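Supplied in structure tokens, the structure appears directly below.
By written order: A, B, C, D, E and F. Residues from 1 in each chain.
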Amino acid sequence: MSNPLLQKLKNGDVCLNGWLTIPDAFVAEVMAQTGWDSLTIDLQHGLHDYRSAVAALQALHGRPVTPLARVPWNEPGIIGKVLDAGAWGIVCPMVNTAADAKALADACLYAPQGARSNGPIRAGFYGTASPYQTIANANILVLPQIETPEAVENLEAILDTPGISGAYVGPSDLGLCMGLPPILDREEPQILEIYERIIGATRERGQIAGIQNNSPAYAARMGKMGFQILTIATDVNLMGFAAHQAVKAGRELTSEAARA
Amino acid sequence: MSNPLLQKLKNGDVCLNGWLTIPDAFVAEVMAQTGWDSLTIDLQHGLHDYRSAVAALQALHGRPVTPLARVPWNEPGIIGKVLDAGAWGIVCPMVNTAADAKALADACLYAPQGARSNGPIRAGFYGTASPYQTIANANILVLPQIETPEAVENLEAILDTPGISGAYVGPSDLGLCMGLPPILDREEPQILEIYERIIGATRERGQIAGIQNNSPAYAARMGKMGFQILTIATDVNLMGFAAHQAVKAGRELTSEAARA
Amino acid sequence: MSNPLLQKLKNGDVCLNGWLTIPDAFVAEVMAQTGWDSLTIDLQHGLHDYRSAVAALQALHGRPVTPLARVPWNEPGIIGKVLDAGAWGIVCPMVNTAADAKALADACLYAPQGARSNGPIRAGFYGTASPYQTIANANILVLPQIETPEAVENLEAILDTPGISGAYVGPSDLGLCMGLPPILDREEPQILEIYERIIGATRERGQIAGIQNNSPAYAARMGKMGFQILTIATDVNLMGFAAHQAVKAGRELTSEAARA
Amino acid sequence: MSNPLLQKLKNGDVCLNGWLTIPDAFVAEVMAQTGWDSLTIDLQHGLHDYRSAVAALQALHGRPVTPLARVPWNEPGIIGKVLDAGAWGIVCPMVNTAADAKALADACLYAPQGARSNGPIRAGFYGTASPYQTIANANILVLPQIETPEAVENLEAILDTPGISGAYVGPSDLGLCMGLPPILDREEPQILEIYERIIGATRERGQIAGIQNNSPAYAARMGKMGFQILTIATDVNLMGFAAHQAVKAGRELTSEAARA
Amino acid sequence: MSNPLLQKLKNGDVCLNGWLTIPDAFVAEVMAQTGWDSLTIDLQHGLHDYRSAVAALQALHGRPVTPLARVPWNEPGIIGKVLDAGAWGIVCPMVNTAADAKALADACLYAPQGARSNGPIRAGFYGTASPYQTIANANILVLPQIETPEAVENLEAILDTPGISGAYVGPSDLGLCMGLPPILDREEPQILEIYERIIGATRERGQIAGIQNNSPAYAARMGKMGFQILTIATDVNLMGFAAHQAVKAGRELTSEAARA
Amino acid sequence: MSNPLLQKLKNGDVCLNGWLTIPDAFVAEVMAQTGWDSLTIDLQHGLHDYRSAVAALQALHGRPVTPLARVPWNEPGIIGKVLDAGAWGIVCPMVNTAADAKALADACLYAPQGARSNGPIRAGFYGTASPYQTIANANILVLPQIETPEAVENLEAILDTPGISGAYVGPSDLGLCMGLPPILDREEPQILEIYERIIGATRERGQIAGIQNNSPAYAARMGKMGFQILTIATDVNLMGFAAHQAVKAGRELTSEAARA
């Protein structure tokens, strides 16, 4: 029992992460068969809540992907629930200070490293010591989102907080907070400079850096820069964009056929 | 109050139909914003049941697509329920005889044309005569699936059954029943000959022909042949294929980056 | 363990029945506290399916109303399921012949009276003989809907079918099938004559007659005529009409206030 | 893309608001057809949670009402989620201090006005700058509930917090906290005096005042006093009260009929 | 890709089958970790419907048990849906004649052996020929329930119907139809004689016999008699009985403690 | 209207509490028929969330058990929601300080004892003063979990916080935080000493002590020690353990039969 994604990251692999926003377990199991290293169930901006996340985690069991979850906020109730349900890592929005980072680590890790409450219901029978509890702290990825200038300012303090595994960049919020449009795959020099700083600071500490992207090409650039967790796409964007393309092609080809 | 898809079909338009198999209303509303003329909620091979179909129909209200439903079987209970919930047409599997076609028409149409029970709960308040009941029979598309050799043999009798709007071809079942692999976008001459016969028979009667396809290009050929309802893709295939492509591109580009 | 509604009907009481169309258990429990003798969960034209019906039946347990269910169609699978889940009676649409009536009775009653399969999961532990099985046949109300001219023609044969408890009139379908608008609370003499005939035939056989109404006043007339199960209103019509009234009053009073 | 309710409020209109407590999308769409200016999905005392709120928001799309949400508590996770899902305003319970008000505004508004995280999944494709993000801050109604003596004491400080749109009065909590019974439509002079003060303070600042009422008549008085958002009724109270009335009338009329 | 249970049965193994009646995927995955050869999702007398069955099938993926389903009735719509969702076998109630058996086989098997419609959505992408379709007919268990005297009378004709895999005995219905109490683990000689006859007839044809039991001890006797699929317990009975025992022990021990 | 469990506790009874982790209302109603004094719906480590808790509370109505809820965290939003939905007591994890205890009491009790917001939707019609509000504060059990050394250190301050009903021990977390394995039914002297101290402190204040156990025998010892609320088992452990036993017995007995 271990976190396969963590092993790959420790090996220095660049990992591809998919993003689940559609609250349906069938979507999760289809995505799980398309080659991702990990899938992140998004309970913040995705339409998932705890119960749909559980269904997705159940569907992901036995599939060759590592399940992670992004929580709606840095709140110990929901963090504990998704970990108990089987997520191997937490992406947490808006971690801006060392105090935020400590609260996050406390919610993710058992004592003495943290203050997570015992009861891993899908990993063992609750009320029983199981292998899970002995390996959990070493296997749970604790990924604060760095997505505000305040977080960038406090970057080192956040990363130095015991229990933190690295940093996950939220480019659209970072830009928005800096007065720029809320997009991914950014080219502004001041943003790229921040990325470099994040890479440097995590690498220095033997930690992981991850980032949300909107295309394989940009993601590959980020991988080359040093990010190891590359989110490339969300379920709904993949479907929506492919549907747009299919309809467009269908319209054009049927018009041509009609004219021919 | 009318069926916009039917208007287009009567105008002679070739219409693009999307296929909903993921039992989630968010998928329905995203698909509804990508340009389809109609969306068919699949209660047979899709993962939808009645309750998820209702949620999809609720999400499709106010969107520029006409909702249809494929029912699990030629059974009046479920046909009535999805019509009452707001579907503007029924695609019905395995209609092989005139008797099957009559049962289908009876389930879809109010007396005297049929035997549908009154109670269109999402179209008016149940127990009250509303505009819906006066226009329903003229607006509901009643589409038997022609997908067995028996159905092809009985084609004219099926189409001549009062209340039937035309024929919708299920290529994979048709092939399977003829000893061929169960695929779409078929090239076997004996199959294409059947398609031509279906086009001819429906056109002769002023009816509609539709067909399930797996690519815009093949669909366009079918449109040129005379099919007016062209299903091009399903939600899950669009997502799954796009995810495969994204991961493949991500792997290649990150490998290149690593090698560079 | 018995069916309280049946006791009242046997005493000659006129009973008030409410109609549940909103697929939510909270609606069921609120309706259950407003004085009805029975509540009918509508799986045909209501938005209920089996799972929401189970939730409603769970919510109705321990409340002073008898739960009935209207099934989507005369199909033994769903009839068995809602009985196993705890309904004390079945209202079945479109029972037009003695054969339909026999199929209905078979689905509702255990051998030797019928062919219901054993497994009353919410009334006892499945696989165990419990008091339920010994009293079920005597307590389940089996109510075919008389709602077509064909059913009226076959009325006596339907009522003479062993196991049938009486007749439940569907006025809107009856009218629709006779070329009249699909409404409740009807005044056409030919319809009222049918009602009298149904009352006579059921009374003669010591059976129960019921009818769907749209107002307490009309229902009371029907009660006087001899109907014992009087459906007066549906959850959604009560809510929708009251909302219309509240908004209308709100608009008028705020306009007056503005003018004052 | 804009908030139609806000336009009416800016025009000085008195608006009628309905309250959704039943966690079902069909209830939402029926209520949406009865004339309200806005409907508030209640995630605090109503039975809604995030997933049922999403279903209601999906059902309200394309209907002539503006959707608002009352959140369970002043917590940024759920506030962000219901805004991302399409609510045009937040009613937040128990805002008692300027600090509470600032937390609320931060959760509702994007930088630089607030700290809402970007990802409006039902308003645009996540990860893309869309028109929504450019108009959101100007269109989201941020309504703290004034429902304790402490809040009344801090009224001006709350209203002066940047981003706050006005005040929404919770009469039953306000009374309860003052040692009075927890009812709506109150007549105590000390309460009415508070209402006047709230009207004055919001008017002075060009802000909006709203209040929960239990009858059109009392609501109209409040409208005359200066409240612009008048909640008149909840879905469940409308249904429950109407059911009581129907059963009562049914009992009386059938008894009369029996005596006649 | 194959049916592991079928392999064991062909090897002559006696297999232990658990029964799922609680419509929750967590129950399915816990049951899947307790050693059963197969688990049967009960859509007839269990509280499962199609959607909860899908969730259970998703949870069972990757677990060391073979999933089967009991359908509510011999109806092709639901049989096709649960097979498409991944069940490896169908237990079908009330198969009383060769015609019933043929309808069942038709619904379970693809042409030319049957008439199942193509679209195995969870086993391959719909519309594509996948390995599943080429192995399905050889791997799907088609198990009619022999549970009436009529079925016993027609036993050989049922078993001789092409596509039928054997017989599954429903002891409580069989007894009920013979005027005996509806229990499992029966001792009546006339019943045991029927069991012997079923064993003989299936063995003769190289088919499988299965039976529903209520205890490991009785099940073992049935295994010795020749039944190969032994259902021993249901999720809810296991839980309910264990809870009774725990509470009883708790009461006794706390009373003793109090007296001590 | 009152809390039956509280009456028993005041009488000095030792009460048996069951634990609900499976998010299904059928499980709740089956457990409710097996003799427990109370059932606690676990929203923290159980798979329940608010909506499944509501379904369980609806199913428990009219059953002879008192419903309690364990919340995911000391957060007023969810505490208010489960109380409004009908729980008669709150078990709250990780109450470590007097400030935590005050926050908990504020969330559970109406003014002037606390700050709970009015709106008990399942106990009365919201917006109306009902008997519930007048008896709630005297009947709601407010049970902080004592499960860290910090909580033990602050025990008296926690118990002295107005509104607190006593202490509920979480043995696995308490052990984990003390460097011991996370199990129930503990024998370490330093732990048993803490239990004695908790019994003493609660008894002194006329308060209630409760504890989570894993067996009737250990629970009885705890009852003798002075704990009055004895949780003996969870739904899922009862089912899982019984299934293990049944399969094991089945394997052994069928092997013996095969050998015989």
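Here, contacts are C-beta pairs under 8 Å (C-beta built on N, C-alpha and C of every residue); 3 or more make two chains touch, one makes a residue touch a chain.
Since the structure is predicted, the reported quantities are computational estimates derived from the model, not experimental observations.
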Item to check | Steps needed, at fewest, to go from chain C to chain F via touching chains | outcome: 1
Item to check | Contact-graph distance - origin chain B, target chain F | outcome: 2
Item to check | Neighbouring chains shared between chain B and chain E, ordered by label | outcome: A, C
Item to check | Between C-E and C-D, the pair with more C-beta contacts | outcome: C-D
Checklist outcome for this item: Most remote chain w.r.t. Chain E, using mean C-alpha positions, is D
Checklist entry - What's the call on chain A versus chain F, same or different interface residues, using the half cut on shared numbers? => result different
Item to check | Chain pair repeating C-F, as identified from E-F, B-E or B-D when over half of the contact pairs by residue number coincide | outcome: B-D
Checklist entry - Per the centroid of Cα atoms for each chain, what is the distance between chain A and chain C, given in Å? => result 52
Checklist entry - Taking each chain's centre as the mean of its CA atoms, how far is chain A from chain E in angstrom? => result 41
Checklist entry - Per the centroid of Cα atoms for each chain, what is the distance between chain B and chain C, given in Å? => result 34
Next on the checklist: Using the touch definition from the top, which residues of chain B touch two or more other chains?
Outcome noted: 23, 26, 47, 49, 51, 54, 75, 78, 122, 236, 240
Checklist entry - So how do the chains connect up here, line, ring, star, complete, or something else (other)? => result other
Checklist outcome for this item: In contact, pair by pair, are chains A-B, A-D, A-E, A-F, B-C, B-D, B-E, C-D, C-E, C-F, D-F, E-F
Item to check | chain A-touching residues of chain D, taken from the complex the two chains share | outcome: 49-51, 54, 75-78, 80-81, 84-85, 110-112, 115, 117-122, 125-129, 133
Checklist outcome for this item: Touching chain A in the complex, chain E uses residues 25-26, 29, 54-55, 58-59, 61-63, 122
Next on the checklist: Using the touch definition from the top, list the residues of chain F that touch chain A in their complex.
Outcome noted: 21, 23, 44-47, 49, 51-52, 71-73, 75, 78, 93-94, 147-148, 170, 172-173, 176-177, 179, 181-184, 212, 214, 234, 236-237, 240
Next on the checklist: Under the definition above, what is the set of chain B residues touching chain A in their complex?
Outcome noted: 14, 16, 18, 22-24, 26-27, 30-31, 33-36, 47, 216-217, 219-221, 223-224, 230, 232-233, 235-236, 238-244, 246-251, 253-254, 256-258, 260
